[in-house]
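These are the structures, in structure tokens.
Next come two complexes, and both contain subunit A; in the first it sits with subunit B, in the second with subunit C.
Entry: the complex of A and B
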């Protein structure tokens, strides 16, 4: 009897620990390459050293033209460069190209190559290589475009050994952002998967599936003085709990996807940096579903939303409030929409609008949320509570990612959903999905004014003109309350105290070229 | 010698009583909290308060507050209710079906018995969590499907227990006589035999409840079943795992509650068993 009681007790305790300890089992091996020296006050960049960066998922392809996952692109940024390259202000800087001109009608792009840009294999970059790379991505080589925006390229001509001329079918000032596509050695496309060769600050050393990717310093990099580090190891970490342990144990030095509470925990021993991500989080409303097809109901929801407290609860106050579908970091195109709905709740106004629309007693709303995104699920809980106060009775339906994609995103069979849409550097990327005919318009937004403005924007020949239309589009989306846009969630990065020089980009990339150790190795 | 035996007996009796009393006390307290939680909780279980995020346990918040500033004690009360509701329905369904199927197979035997036993063997062959996951992913999430799938997983053990008891009684003299007197089969099954297996069955019900509570918590922990913002003990545990070091009370409150419930029911079943002997 006694034995049984003890075993029962033991079992109960074990169950508890098993339940609460799930998911935190991690490999916290000690790192051999980490400097153990005490931190000094000097902030002078030093050369050398190696860093381990935690990444979230495995790489989908080492071929820069075929990689689609954001998690892969953020790493390949260090190995490959295009004619142009993104900088930390959301602008384009010249990389392999030293200069470029665009013809009046926007159909001919002429690139002059920079002198002395070398591939990792020691060969100089020639016009031949650029032609090959552009023809490969645009589908001229084998008929299948690898980067769809570049499929508009009609021909790539070599004018002289330093000049390449690109002719396109349609004028589109935004196309220039696509010339960030990687330049690879002529004919190397087939081998890119096994031995990727680029012109970036780091060259590829090895890749172990499910473990990570190792890169080393490119000694002949064209930017003077960069990079600082000798070696960077991108290591796959399973989940943020494991990452937390790995950071604490010292087996990784940089990890960019921490949750707010984890950041709080690391504050003493790590540098914690917040930066806006490239995600727009919103309570997306299905404009085709009753009663959300009534603009007043949608506006009421916008009024009822208390974005400030969402920010407090889920982003630790580090989110960036937004009203429309544009990243504030894309400064030239972003407009700070007039603050009609406010960032805190205006319940009187919300109830008034609901009464106007014939829903004085409120209505039932089901919010579907992908359960694998804890961040969105938490936001949903907060939002549900807020809408409840305005008389909108919310039920939460958390579904698997696959189900969400089928039912909400592709099937458009939902009432409301909270999720994030990611943007790339092209300013119109987020806006084109709200055109009524767009296949990505999963909220069924339908506004003649929006469509007309979007079309007008498409006919612009300069980015400045386009920016004006884009600002107008954001305002229409806001005024019509196409959806209740909430925030650009923060990216929370923890970095070893001995490191400095980490740069943020509007579109998330892990640029390791400017990172350095502040202490002597 | 006699005296020693006597003392041993009284000691044993004392021990038996202790199991039963402790079990009754622990489960009683839990039941009381669960029922109370339906009508009244110290705080609104869904009311959020940014100012009181992660408040440590105090007299104001007995178990502290969670990442939304919600009172954990109130949510545990609601969570016990949710968990208890699901697990008792599971035991009711599984137990009910177990009695019917077990009675028929045990009493009649033969081919039907053989076939059903092999099916239960097959169900038992799967790890229970895996089986539940499969059923839930085929039928879809939600409380109803969770109950259904857990019932299917729990049914075999009830069938086996009932069956073995019925086998024991089907050839007993009084049953043979009843049969000779022309008593109806249904009457024999449920009026003549069933009451005899009551105590054995009660033990298996308490054990089943225990397992069902653990299974529900496990499933909610995996994000299947109960939807937010409804509290369930397993869901709370899984939400708390990100804050294990910064707010340990968040995980401890539902965790210890599960331990308490499981222990309570184990003691209770132990008590009932020894009393029946």
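Entry: the complex of A and C
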């Protein structure tokens, strides 16, 4: 009896310790949890405070020139700046450069540096630093261009301490977008111990693999009044379920990649904001594989697609339907292609075309999808069913990202795949890959007309002229049904109610410099 | 002594075989590290440069030998994926040293919970003649054993994190910043690991004790006038403990090697999570060392269990 009492007592003590653990925890946690309770008292920006932003994956490099993952660039945007940088409208604004001129023939760029731009280490940005950075990315330093568009740079000359002249081999009005490449202190790219040092609104504090990256306010930032926050912690959240829990529990304040159902769940306690992303999602068709080499078959697939219901199912109706490879947010270059195929399914037309092509009984189609993108996987499931109704028997092949890159993207050994291409600011970025000789032409699109138009676009000296050709390219791609373009998925962001000032960009960045707390911390 | 010598040789042989197997596996699985780092932006020049930087332009056997000689001389290599500074990659040793404490603390935490709760519980259960608590314990333990640990983790996160606000899900604090906050956060992951194991260990101990209770020596002990208590603790428990030790050994090996699932669920940056992410990013140097670590842990713990066996039960060493 006594023994039993003792063991019961022991258990009781253990339970107590467990519960007392609860007590201490809940006090320490309360700081992050007031979001839902307090009302917004004012919209006046206040300075100070720290914010935790959930990010999906670990960063791939701390070197702004070597980072390739979109998920890394969106963070480094806060630390580094180029001569120019993107603004929220998809235009270029001057950053380290105060002004620039381009020669008539488009071969010489002259940049005047802004006064008083400081690196995070306290040094002034000099013409030397700019020259070094441009030579590094263009491959003049060691022969390997780190940003391929800039490999056209022939020389970088310092005219005086505030002026840098860049000479390029080929005139290309789009090249100006590439001068967003980060300016870093001269020599830091070869210094083994170098910490990331830029001129951005936040300076680098620390990076811990698997945990995240911490940045703090750049007190001497050149843009007056920015940033508001003292500290931003980009915290790696493991999977979207964990992100949801972390948001609810209050351990992250901003999470930019919600799924539609999560947005529904959070909309009462968080600000949920939608904006078009800069991703073009499509059912990419391998134009070299039978039967997809027949334009009628590809068109049939376009007819069979019901983009409206894809949008409803996976994007909660917030996606932007597209027919070709251009972001509608790049207004000057986008053309709303004539809607031959329609956004809802036209099964009769699809079956007719299939019969014409000799596939009256349909055919088997394997759709490969990278399994780490839940969004594309869900889309594939919906699309598979739609194609099934047109008599196309779909099998879904879900593969790891690494395998997808190897087999589909680089090996081009697939029939169809659903994925997204992330665009950058350069308007032609999405179009250059469908030129038949392009190494990025993973759908093996082959159209003499497209190639000719693309070449003509390359000879233009102004962006306005280029825009006309680019619109033509979009039409060709659409008419030839190079692939079945679906939508620009929405970017769905949850943000703590106390915060405001979040800006959307047509490029993939998380700009924290304009975010502020509306109530006093 | 001879026994330990033999074990050490087995350990080395196994580590060698496992490292070869992991290396071969990495040659065979699809997905190339260079393309996966550069993604869709790869240019042939960048690819070639990176391949050379990582030493991947050399033939496979040479790469393996380089790696082995590095490990033997104490250089565990550098990660392909994790940066230390702008131009330097994170050395594997440093990376793992940073993550290991999380796993080890979690293992220690949950082991203490398991041992402190399951043993008294098992004894109590074995001695329990009353049908009511017996049935209750039976149901509870069956339930606890049947729940997969990831589900239990999610359940606990939901219940204690979202409903009762005992902790902040995903609010992991690094042990480097705040040790008490760190232990506070580890409590619930530790409980999630411990619950199924407690149920198993307690049930195991109870069954083992019941089996021993029906042995002849118990009757003999009783008839020579031993008190019930003495029979229980001096005779039965000692004998009943043998299989439990093996079982605990397995649990120890399992938790020290990294509670992969629980680390995922609670967002703990331990070695288990490092292993998963390194496999998916094809970070070979990290995976190889982690695989060796896990193998070594399992072998060493089993070996210790063997030795402990001999200490508790002298009969074994005779054989």
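Just so we're on the same page, the second predicted complex is superposed on the first by the 478 of 521 C-alpha atoms of A that agree within 3 Å, B and C clash if a C-alpha of one lies under 4 Å from a C-alpha of the other, contacts with A are read in each partner's own complex, and residues count from 1 in each chain.
One rule holds in what follows: contacts are C-beta pairs under 8 Å (C-beta built on N, C-alpha and C of every residue); 3 or more make two chains touch, one makes a residue touch a chain.
Note that this is a predicted model, so its numbers are computed, not measured.
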Subunit B versus subunit C as contact partner of A:206, first or second or both or neither: neither
First, second, both or neither for A:59, with subunit B first and subunit C second: second
Subunit B versus subunit C as contact partner of A:265, first or second or both or neither: first
Touching partner for A:459 - first (subunit B), second (subunit C), both, neither: neither
First (subunit B), second (subunit C), both or neither touched by A:146: second
Touching partner for A:99 - first (subunit B), second (subunit C), both, neither: neither
Partner chain in contact with A:188 - subunit B first, subunit C second, else both or neither: second
Winner by number of subunit A residues touched, once subunit B and subunit C are compared: C
Those residues of subunit A which subunit B touches in one complex and subunit C touches in the other: 4, 8, 22, 24, 241, 399
Contact footprint of subunit A on subunit B as seen in their complex: 15, 46-48, 50, 53, 67-68, 141, 214, 217-218, 221, 223, 227-229, 234, 237, 240-247, 251, 255-256, 258-259, 262-263, 266, 270
Touching residues on subunit C, where the partner in the complex is subunit A: 30-33, 35-46, 49, 79, 81-83, 85-88, 90, 95, 98-99, 113, 116-117, 120-121, 123-124, 127, 154, 157-158, 160-162, 164-172, 174, 180-181, 184-185, 187, 191, 229, 264-265, 267, 269, 273-274, 277, 280-282
Complex contact set, residues of subunit A against subunit C: 3-4, 6-8, 10-11, 14, 18, 21-22, 24-26, 28-29, 32-33, 58-63, 68-69, 139, 143-146, 148, 188-196, 207-211, 235, 237-239, 241-243, 245-246, 248-252, 372, 399-403, 405-407, 409-410, 421, 439-440
Residues of subunit A that touch subunit B when the two form their complex: 1, 4-5, 8-9, 12-13, 15-16, 19-20, 22-24, 240-241, 259, 261-262, 264-265, 309, 312-313, 371, 374, 377-378, 380-382, 384-385, 388, 395-399
